[in-house]
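Below you'll find the structures, each written out as C-alpha cells.
Look for chain A in each of the two complexes below; its partner is chain B in the first and chain C in the second.
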Partner chain A sequence: MLEMHGITKRFDAVVALNNASFEVAPGEIRALLGSNGSGKSTLVKVLSGLVNPNAGEIKIDGKSVQIGNAQESRRLGIAVAYQDLSLIQSMSVMDNLVLGLEPKGPLGIVDRKQVEARAREVLGRLKIDCRPEDLVRSLPPSVQSMLEVAKAISLKPRLLLLDEVTASLHHNEVDILFDTLRELKEEGMAIVIVTHRMEEIYKLCDGCTILKSGETVARGKMSEMDLNEIVYHMTGKRPDAAAQGVCQLANIEKEEQVLEVRNLVLLPKVKDISLNAFRGEIIGIGGLEGQGQSEFIRALLGVHKPSSGEIYYNGINARFKSPAQAVKKEIGFVSGDRNKEAVFPIRSVAENLYAGKTTKGNIFGYLGPKQINSFAGRAVEEFNIKAGSLKHPANSLSGGNQQKLVVGRWIALAPKLLLLDDPTKGVDINSRREIHKILKKCTEDGMTVIISSSDNAELLEISDRIYIFYEGKVSAMLAEENRTEEKLVAAMMGLISCDTGGELDG
Partner chain B sequence: MRQFVRDNQVGMALIISALLFAVNIAINPASLNANTFGSIIALTLLLSFASAGQTLIMITGGIDLSVGAVMSMAAIFTANTMAGQEGQMPLVIAQVVPMALIVGLVNGVGVVKLKLPAMVITMCVSNVVTRLQYVYTQGLPTGTTSKFFTMTLQHRFFGFIPGMTLYGIVIFGIVLYILNRSRYGQQLFLTGNNRNAAYLAGVRSDMVEILAYVLGSLLAGIAGIIGAGYMNFVICQSLDSYTMMSIVAVVVGGTLLIGGKGSYLGTAVGSLLIIVLSNCLAVLNSSDAVRSVIMGGVLILLLAVYNKEKPIRQ
Partner chain C sequence: MDRPDLKMINRFESFRRSPAFTGFVLFSLVLILNIALQGPDRFFTASNFGLLLEKNTPLILVTMAQAMLMLLGMIDISIGVQLSLVNVIAIMLPQELGVPWPVAWLAGVLAVMTISAVNGFFVAYMRIPSLLSSFAMIYIVKGINVIIMSKPQGTVPEIVWRTYASEIGGVIPVTFVIITVLFLLWIYLKKTTYIKHVYAVGGNERNAYASGINPARVKMKAFLIAGFITGIAGLCLTAMSGAGNPLMGEAYGLKSIAACILGGIALSGGWGTMSCALFGSGFLVMIQSSVYYLFKHLYVWIPGFQVTTYWQNLVSDGIILLGLVATIFTAQTQRAAFKTGLKKQLKGGERLGE
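Up next, the complex of A and B:
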C-alpha cells in the first residue's frame, strides 16, 4: 500500500535519514524499530507531512505522491498518533475527537448531537474511561494517550501510524488497544507502530523494518527474526541478556559519597530511580531516548519537584526548589539543548562564560567588564574555544564551540557536582573529544560528573559506571568488567532489569 | 553604508538629531540661542529619566505602559505636598516611593507570576493610577512646587547648562551602575536574552524581572517629581505623554523589543532625538495631535528597520 524509497533528510550537518526505505501492506501491522537517533521519528514526520525530505520517492497504491503538509497527509488517508500528544488540553474530549472534521448541519453550523454521538462511538470502541464533555487536561496521562489513538482511528485512515503511544498506557489499556488494532487490521487498514517494547512487537506485529543511523538495515517477518537479531540490527551488538550481578555496586569507599538518590519518583517519566555517585566519579546515564533521563537530572537540579524519594547531596537531604538553590550549593548543569536552555545567543562570548559566576555574590555588588573578561579569557585559553573575540556574540561561534562555552562556564567554577544532559548531541567529533578530555581532567581534581547521553560509545568511553534507564527505572548498573556494549544494549532494550531496592547502596 | 546604518543605531540617532536641529535653525534662525540649547538639554534629561526604567524593563523583553501615569501621580503628590513651601521633599518622597513600589510590584508580579502580557497588565495599572489622580484631587490638583526646588532645576549655569544636569549626574550614575557594573545588570541581560537558560544557570529570573518593574516604577516616580519641579504647574495626567515618548526613546536608542540587548546611553541619545524632533515640529507650529501622529510614524519606521533579531522559542 505504501512504499518509500531513497528518503534522505538533512538538518544542517546532521543526516537524519540517509537513503531510507520502508513499506507496509494493507492488513499488515508493521513495527518501525531503531535505536537513538536512527531516524524513525523523522520517518514518521515525513509521512505526516511535518518534515519534507531532501530526496526520495513516496508511493501510495503504486502512485507517486507528495506530502507537503499535514492536510495532504490526511487527505491521502494517513493518520498519526503521537507520544507527545497532539490534543488540545483546554478543549473537551469530543471537540478534540472531531477537530477539523466537525459534522455540519444545514447553514454550516456544527451539529453538536452528531459530534457527541460520534465521540461516544469512538470512546466505546476503545473502552476509554471518560465522558465526551470532559476537558482533556482533567484526564490522566494514560487516558489522554488512548484518546490520541482514538482521534487518529476516528479519521478512518488507510494507514495508521502510532508513535510510542503505549509508553504511558496501563497493561489493560494496552490489551484493549491491541485488540482494536487487530480488528482494524482485519478491516484492511495498514498499521505502523513505533515502540521500544520488544515483547509488544512479537505479540502484535506481522513484520518489522529496522533503521540505524538513518538507513534501513533490515526488514522481515516477525516469525523469522529472533530478538537477538533485531537488537543486533538496531545497535550493531548482540545483547548479553545473561548478564549477572550487574546491579551490585563494586566496593568503593563510602564516606566520599557525593550524591545518593533513593527511589525517586517523578511521574509520568521517572518511576523509581536509585543511584549514587562518589567523589571524582563520572556516572553515565544511558538508555533509549525518553526513558526519564532528562527529567531525573532536572529533578536533581530543582527544576521539577519529585513526588517521592530522597536525594542526599554531601550527606544532606537536598530537595532544591530551584536551580538557583542548587547552583548555590556548587552544582552545575549543562544542557544539550543549547538554543533553548544554555546559550545566550546575542550576549558576548565573555558574558556567556561568566553566566554561572554572575549568580555568585551580592546581587547589587560590583561586576565590571574587567572581571568578566579576565575570567573569560582564561577559560577560552584553557578550553581551547575558537572565538574571534571575547566581545563577539555567542551565536557567531560554531555549534561545538558554543557547547564548549557552556561546559567551560561551569568547569571554570569548579563545582562539586556537574550534571550534563546529552551535552554532545549534534556536536562535531573534535569538540566532543575535547569536552571528554575536560571532564576527565576535572574529575581528577575531585569533581563528580553525572552525564546522560544518547550515544553508547560516549558512555562507555568516559564513564566509570553506567546506569541504564528503561521506562523510568534502572534496568542495570554497569561497572568495571560489566561495562560492555553487549550488556548496555541488553539493558537499554529492557531485556534485563534489576530491582532497584536498597541493594544499590552498596 | 547600509551596514553602517544597521550596526550603528545610536550613531545614526545622533546624526539624525543633528540634521533635525540644523533644519530647525534653517526654518527659524532666531532659535539659535542659549535658551534653546538649555531647554533642549533639560527636556532631553527629563525624558531620559523617564526612560531609565523603561530601558531596564524592555531589556527583559517587557514593556511598561504605566510610566506616564506614575509620573503624573508623582507630580501631583509633589505639588500638593510642597504647596509652595520649602522643606517638604522628605514628605514627598515618603508618598511617591510607596506608590511607585506598589505599582512596580503589581506590574512585575502580574507579568512574572500571573503570566499576563506586560502590555495588558501595565495598561490596566496605568488606568487605575490615572483614575486615582482624579479621586485624590477631585479633578483639580492644587499647589506648586517649592521655589528652591524649581530653581535648582531651572537655573542655567553659563547661561545654557540647566540645573537639572546635577540631578542627571546622580541618576545616570545609578542607572549606569545597575546596568553595566553590577551583577544585577548582567543577570538582567541574560534573563532578557534567554530566560530559560538564565534560570537553569542559577539566575533567579523571576526575582530579576520583578525587580526590573519595581526599579522602573521608582525611576518613573523620581522623574515625576523632577518633572513637576521643572514645569512648575500640575494638572491630572500632565505627564502621560511620557509613556509613548519613553518607549520611542528606548527603541531609538538600540534596545531590542524582544529583550536581551540595550544601553542607557543609547536611550539618552534616543531621548535627544525625540526632543529635537518635537522642537522642530513646535517651530513648524504643528498641533499636539500632529506631533503624536509623527511620533507614532517614527516608532513604526524604526521598528521596521531595527529589531530584526529573532527571539528564542521557549
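Up next, the complex of A and C:
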C-alpha cells in the first residue's frame, strides 16, 4: 500500500537519508531496522510530515502523494507513535487520545460522552491502567508510552508507525501491545515498527527493511533471514554469537583506580551500570543510540541525580551536585552536542579556549587580553586548530576544529578524568584522528579518559577497554584480545549479556 | 464508592488540583480581610457591589483577554494602550467627524481587533516572541492615540455612563451582566474543539503540531478573541471615565499579566481557566480596597498619622508581589512552568515542519 523511492534528506552537510526506499503492504507488520545514524527516525519523520525530504517519491495505493505537514500525513491515514511521545502533559488522558479529531456536536461543541466512550474503548483494548480524566503528567513513563500507542491506534489509521515504543514498556505491556498489533494486522492495517530488540522482531514481524547510513541495504521476509544476516546488514560485520564478554575485573589494584561505579541507576534510561577506570586508561562506552550512555556520563558529572548506586572517584564517594563541583575536583567534560553544550559560537577562538580556565581563580580577578591570547596561541599550535585568527568567532571554524577547540579547552585544565560524550559526531576524519592523538598523548601523562561513541571503529581504535551498554545495562566489557568488532556488534545488539553469558574471568 | 463523604473528598481533591485553586485561596483571603476592615454591614450592600464592579470592570475584562493569550504561552503588554485606542476613537469620531456614537464605538472595537491581528500575525507566522512584538506595538498604538487626541478632552453621551453605572431592577449592576456574558462566551468556548487545541498548543507546540493541529492558526484566533474582549474593556473604561484621555489605559497592560499569574495561569501556557482570570483580578481589586480601608483605620487609631496615598500603593503593591511569589513557588507545576515560560518569552516559538 505504501511505497517510497529515492528518498533523500540532508541536514546541512549531514546526509540522513540517501536514496532510501521502503514499502509495506496492508496486513503486514514490517520492521524498520538500522544501526546508529542509519536514518530510520528520519524516515519515520518523513512519513509523519515532521520532515520534508529533499528528493524522492512517496506512493500510496500506487498514487503519488505529498506529505507536507502533520495534518496531511493524518489525512492519508498515517498515524505515528513517537519514541519521545507526542502527548500533551498538562491535558487529560481522554483529551489527548482524541486530540485533533475531537467528535463534534452542534455549534462545534465537543461531545464529551463520546470522547470518554472512545477513550474507555481504546484504554480497555490495550489494558492501560488509568482513568480517562487523569492528567498525563501524573502517570508513570510506561503508561505514557502505552497511551502514545493508544493515541495512534485510536485514529484508526491505514498505516501505523511505532518508533521505539517498546523501550520503556514492561514485559506484560509488550505482550498486550503485540497481541493488539496482531489483531490490527488481521483487520488489514499496515504496521511498521522501529526497534532495537531483535527477539521482538522475530516474535512479531513478517518482514523487515534494513537501513545503513541512509540507504536501504536489504529487505526480506523474517522467515528467510537469520539474525546473523540482519546484524551483518545493519553493521557490516557478522556477530560473534559465541562471544563471551567479560563483565567484571578480577584483579583490581586499589591505588591506581580513578573511578569506580557500582550499580548506578538513573531511571528511565540507566538501569544498572558498574564500571571501573584506572589511571592512564581510555575507556570506551559503546552501544546503540539511547541505551543510557549520555545519561550515565552526565550522572558522573552531576547534571542528573542518580536514584541509587555508588560512584567512587579517587577512592572517595563522589556524588556531585553540579558540574561546577565536578570540575573543581578535576573532571573535564566534552559534549558531542557542540552547539548546545560546548561552544560559545559568537565569542572568539581565544575566549572559547580560555573558558575552562576561568572556572579557576578569583571571580573578579583581572584577566588581561595578553594572558588569554598567549594561552590560546599555545593551545592553537599544540592542538593544530585551523583558525583564521584568535579573534575570529568560534562559529567561523569547521565542525572538526570547533570540537578540537572544546577538547583543547579541557586538556589545558589538565583534568584527572576527562569525560567525552560522542565527541566526534559529525567531525571530519582528519580532526577525528587529531583528537584521538591528543587523547592518547594525555593518557601517557596519566589522565584517564572515558569516551562514549556511536562509531564502533573509533572505539576499537582508541580504547583500552570497551563497555557496551544495552537497555541501560552493561551487556559486555571487552578488553585486550576480546576487542573485536564481531564481539562488539553482538553485545551492541543485545545478543549477549552480562546477566547470562558473561562469565567472570581474568 | 457511593458514599457521599468520599464523593465530597474526591470533588474537593479535583478542585484542589485545578488551576484555579491558588487563585481562589488568595482571593478568599483578601476578600475576608476586606470585609473585616470595611465592616460587613457596609460591605454587603448593593451599592457597594455596584461601585466595586463599576470601577473595576475594565481590569477584569482585560485580564480575561490576557488570559486567553497566556493559555498559549503568549503575553500582550500593549493591551493597556489598546484600551486607550478604543477610548480615543470612541470619543473623537463623534466629536470631530460627527459620526453617531454607536458606530464610533463599534469602530473602536474593530480597531483594537485589527491591532491584535497584526500582533498575532507577527507572533504566529513571523515567530517573533509575543513580548517583543507587543512591546513594539505599545509605541505604535501610543503614537496613533496621541495623533488622534493630543490632550484629554471630550465627553460621553449621558445615557451611556448612566446606563453603565446603573443597576437593573435596582439590584443587578449592568457591569455584572457584561462580565457574565463574556464569561458565558468562555464557557461556550471551553466546550469546543478550539479550546482543546489552545491547551494542546500551549502545553507543547511540537506535539500539538505532530497531532495534526495548526499552531499558527490557533494563535491567530486567540489574538482575535483577546482583541474583541479588549475592545469591550475599552468601551467600559470610556463609559466609566465619561471622557477621553489618550494615556488613560496604560497601567492595565502589566496589571492584567500580574492578575493572570496570581489567578494561577501558567506563564508557559497550557494551564489555567477563565476562573483564574476572575480570581486574579479580584485579588488585585480587593487588595487595593483593603489597603484603603486599612489606612482609613490607621488615621483614626494613630493620632497625627498623615501620609500621602502613594503609601497605600506601596503597601498594596508589596502585597501583590508577595502574592505573585506565593503563586509561583507554592505549586511545583507553577515553578517549572514559570521557568519554561520565561524562556519561551525570550526565545520565541520553535520552527516546525522542516
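By our rule, the second predicted complex is superposed on the first by the 491 of 506 C-alpha atoms of A that agree within 3 Å, B and C clash if a C-alpha of one lies under 4 Å from a C-alpha of the other, contacts with A are read in each partner's own complex, and residues count from 1 in each chain.
We adopt the following convention: contacts are C-beta pairs under 8 Å (C-beta built on N, C-alpha and C of every residue); 3 or more make two chains touch, one makes a residue touch a chain.
What you are looking at is a predicted structure, and each value in this text was computed from that prediction instead of being measured.
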{"item": "First, second, both or neither for A:S90, with chain B first and chain C second", "value": "second"}
{"item": "Partner chain in contact with A:L288 - chain B first, chain C second, else both or neither", "value": "neither"}
{"item": "First (chain B), second (chain C), both or neither touched by A:F364", "value": "first"}
{"item": "Touched partner set for A:S48, first chain B, second chain C, both or neither", "value": "second"}
{"item": "Footprint of chain A on chain C - complex, ascending", "value": "17, 188, 191-194, 196-197, 199-200, 202-204, 206-214, 266, 270-271, 333, 352-354"}
{"item": "List of chain B residues in touch with chain A within their complex", "value": "178, 180-187, 189-190, 193-194, 196-204, 256, 260-261, 309, 312-314"}
{"item": "Sites on chain A touched by chain B in the complex", "value": "301, 303, 322-324, 326-328, 333, 335, 339-347, 351, 354-356, 358-359, 361-369, 372, 409"}
{"item": "Chain C contact footprint on chain A (complex, rising order)", "value": "48-52, 68-71, 73-74, 80, 82, 85-91, 95, 99-102, 104, 107-110, 112, 135, 137, 151"}
